[in-house]
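See the structures that follow.
Two complexes come next, and they have one chain in common, chain A, joined by chain B in the first and chain C in the second.
Entry: the complex of A and B
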């Protein structure tokens, strides 16, 4: 029976064994330096939380309900421990980073700019062709363990990038979107936007109409369930769009170009439960760039790509496969400035300002056109401006057309120069700061 | 771009199940009159969650602010529907009584009439925990996003 002495004996032995196996894994050994140290502490905290639970084993005379509850909690722990194995390769990756060093420095700067200085960024290649991220992956379980005090205080962020994109520097502005997820969580940005939406009468009216429409679309669901599902999906869309806007603030047009290269070949106008359609995302990014003063740059450097993406963004208004999707799209498009302003406030002085960045990007692009390392002639150029200059030079070289973007990604020599320049610029800036 | 977030989903799903089990353990201690301060806090948290669920049924637009509260009230309402169906009771009344019973347990003021109610409360939180265990196994095994709206539309248009 569930929770009887034999069952508990099996569960206790298995859970102890699994905790010990994880703790003894060589990949969880102490780490030299700070990269990955907070992630390691976080994993150890999870194991400590389970030790704490195991120590609360009920005595033999406990009621059946208590023994069942304890047995279930050990089973939950086992499921979580299985999931925790995913962290071990991440820790191993911190000892042998494979991403371009310039990109790693760029990602660390983005983490500081978007999230804060108290972060531990671990950049890990993944055999799957997708970018993704997680931060504080086990905190729900650790924080929910009454009487257990975790030791990790620095936020661990794990950033996955496709193994195939390790040296495709021009795609690495996508890191800013991924790191944006940690920023959204750390600073409760979804709540900020949602509070703004909820105070709008137009939003409340549209929400009520959508609930009624969804009742005929999903007749088996209760009103409470429909509303709960709508809210969860709306929050997911808000989070994704906030990450796009954070990345746009931090990387400027380089993020739009990387997004067009990576996302447009995978999806177009199809809405998902977690992700808005690419057409809407492109539309909101273009609006954001225009509002931040990037239009003259786009018109000058890449009018062809801008024209193509403007056409893509016009399709955002097309038919939606369900009333819920039309509601999310219309409300978030109508409240685009709320999303932009929220991220503008968050990024603050860390944004990529057109006035300062365009001359630097021009200089980097001119150097790259001559196959010279674009670190800067007089002063080291900012890493993010170098990357923008990389795109500028790549478009000049490979064509201001969608196909040109694809050929740009195949230009390894240009991207090697961009990565090395970001690395050198970061090192020089760091030396000067500590001299 | 959310695959790694599956681990956060696993963690939050497991945490809700562990929390429901902790509530069962605290309720058991309450019946034996040995409620500690952490138990009290846990039971107040449990009562608040049921009250939020009740508020959601009374004012559907008042959705909980945090993803955790939304998930907790979703699961509680779903488990409660099962209980109400089995016991032919009114869901709102059941919720209100259960929240009141948990508050009494947290304050150490359980009366003789509360014993039966307490068993129902324990059953509810056992159901919540069982569902979370199923869900966390499902999250562990699955790598795909669920797609309720599009799945429904496909079914409708093919029928």
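Entry: the complex of A and C
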């Protein structure tokens, strides 16, 4: 139990020490330009929130219950204060980019397209082998500090990529999925979809049937618990699928190919509490691409890989290990167009339009085939079209089959050209804007 | 060999076939194409020599990995600067990516405006027909004041020459094919020749018994 006066003293001294140590760190110094500035403000808000809490310490005359409650709250927040050290290398990365500039510019463009212009993006490698995103990493303490007003207004997003993948440009369409999480949260997209589902009679009936089935499958759980669990999983699956669809809107077939390359070796048809099975995800992506008019492109550029993925997606209809998984799969597949349309509205004019992008991807691929930087001979090509052209050239070189995807990832020279071309395309476009 | 003037440069850059075309991308400003040369800009990536406790660089003994380890890659985005201090040596790359057709070769020299500040821009100087890639530039500050290097600065000049007949170049010829960033020395790949030179020395030393 918290509440011993000395215990509170220890907590206060520790908090002061950690706050001072963080404030003194040179990596928290003011940043030139906007990159990382909102993240820095967010960290300073966290320190400000702790200052505020220290100032609100109940005095010695306060009741033991009040002092105990204060100590408990401070102790619970201490983990986040320690966790703030993780932000220091993130801030350092805004001064010296850890990823090539082409990928950095691509990620920043995706953040603008998917979330909005009012964001701050930091791209950093992570020792864990997965891609992930964190937004407002310290908001729990900041928002939970009554009477404290934070100064950060732009959403700070930290995008992590695996250490192994810094130069694997062909995988960087996965950035779009990760940044999609920030978009989903910023624009409450899960609620939009969930509200739409709840208004459907067919969905409500299926939900009721699943609750009954789960009572048999999970007899120890109360109905309230079953409903809560189903709702949480449904929201998690909707979020993952929305991120897939946002990435498909933004990156076109390049996302599907990167997904197949990175995710398919790690998972297949196994559903999880947080993630739908890869088979279902592939099925919905293929349907989405077809609906947006990408089928002729896929049939022409990569019929072999498309055929393989179509076979993979057929397995999405297989037996599910629990009634809940079958319910999510069937409902989300039946309502796939709602998911697609939600993301289409969000991405709007920033989507990768096949009519404009295919000629640009063709030009980029032809230049890559000739070992020429695919920045565009007359006009700068769009960075996302360059990446698609990169996949196109890679498949031509390394084979239109699953194994070819792996060989493509090992093609360092091609990916160097793609990364540099995206960097230069951004430079040329910005240069013209300065005229 | 004939040096190419402005009109010939433009013609070479607009050749209908990609294989015959002189490609210099991106050209931020058309005025980079001058009367008899093309201005080249500084790129965003650099290689700095690390301080080392090793005795020195002997390319006949060192492996490529050893040599690479002695150099640190640094990325300097547009809008930022890299300060080159007196007597410091770095490798940079051109912002532009070049693709020379098989009937053109080129020479690269530093711009005199930089040279008058003490900056020496040396390169392999001669660019072979069929070369594809960003050029690696060797930069040394021979002056007494540190010099600020900004990516995008016009730092060197490329003069192009037409060969009497096109050279025969295989698509993957050369040790430095298609680089997009400064390339470290590849001398360790000539280890066989260094070994032979050592052997030759031994032979000559032992001739008299």
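Operating definition for what follows: the second predicted complex is superposed on the first by the 434 of 435 C-alpha atoms of A that agree within 3 Å, B and C clash if a C-alpha of one lies under 4 Å from a C-alpha of the other, contacts with A are read in each partner's own complex, and residues count from 1 in each chain.
To be clear about the criterion, a residue touches a chain if its C-beta (ideal position, glycine included) is under 8 Å from a C-beta of that chain, and two chains touch if they have at least 3 such contacts.
Computed from a predicted model, the values in this text were never measured in an experiment.
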When chain B and chain C are modelled together on chain A, clash or fit: fit
Which superposed partner A:304 touches (first chain B, second chain C, both, neither): neither
Partner chain(s) touched by A:296 [first = chain B, second = chain C, both, neither]: neither
Broader residue contact with chain A after superposition on the shared chain, chain B or chain C: B
Chain B versus chain C as contact partner of A:89, first or second or both or neither: neither
Chain B versus chain C as contact partner of A:218, first or second or both or neither: first
Which of chain B and chain C A:69 touches, first, second, both or neither: first
Touching partner for A:235 - first (chain B), second (chain C), both, neither: first
Partner chain(s) touched by A:208 [first = chain B, second = chain C, both, neither]: first
Vertex chain A; arms to chain B and chain C (CA centroids, nearest 10 degrees): 150
Chain B versus chain C - smallest C-alpha distance in the overlay, whole Å: 26
Touching residues on chain B, where the partner in the complex is chain A: 1-5, 7-8, 10-12, 14-19, 21-22, 24-25, 28, 38, 41-42, 56-57, 60-61, 63, 65, 67-68, 70, 73-74, 77, 122, 126, 129-130, 132-133, 136-137, 140, 145-150, 152-153, 156
Partner chain A, residues of chain C touching it in the complex: 18-19, 23, 25-26, 28, 44, 74-75, 77-79, 95, 97, 99, 132, 134, 152, 171, 177-181
Chain C-touching residues of chain A, taken from the complex the two chains share: 33, 96-97, 100-101, 366-367, 370-373, 375-377, 380, 413, 416-417, 419-420, 423-425, 427-428, 430-431
Touch list for chain A against partner chain B, complex: 53, 56, 58, 62-63, 65-66, 68-70, 72-73, 75-77, 79-80, 82-83, 86, 128, 130-134, 136-141, 143-147, 158, 160, 174, 177-178, 181, 191, 194, 204, 207-208, 211, 217-218, 223-225, 227-229, 231-233, 235, 240, 272-275, 321-322, 324-325
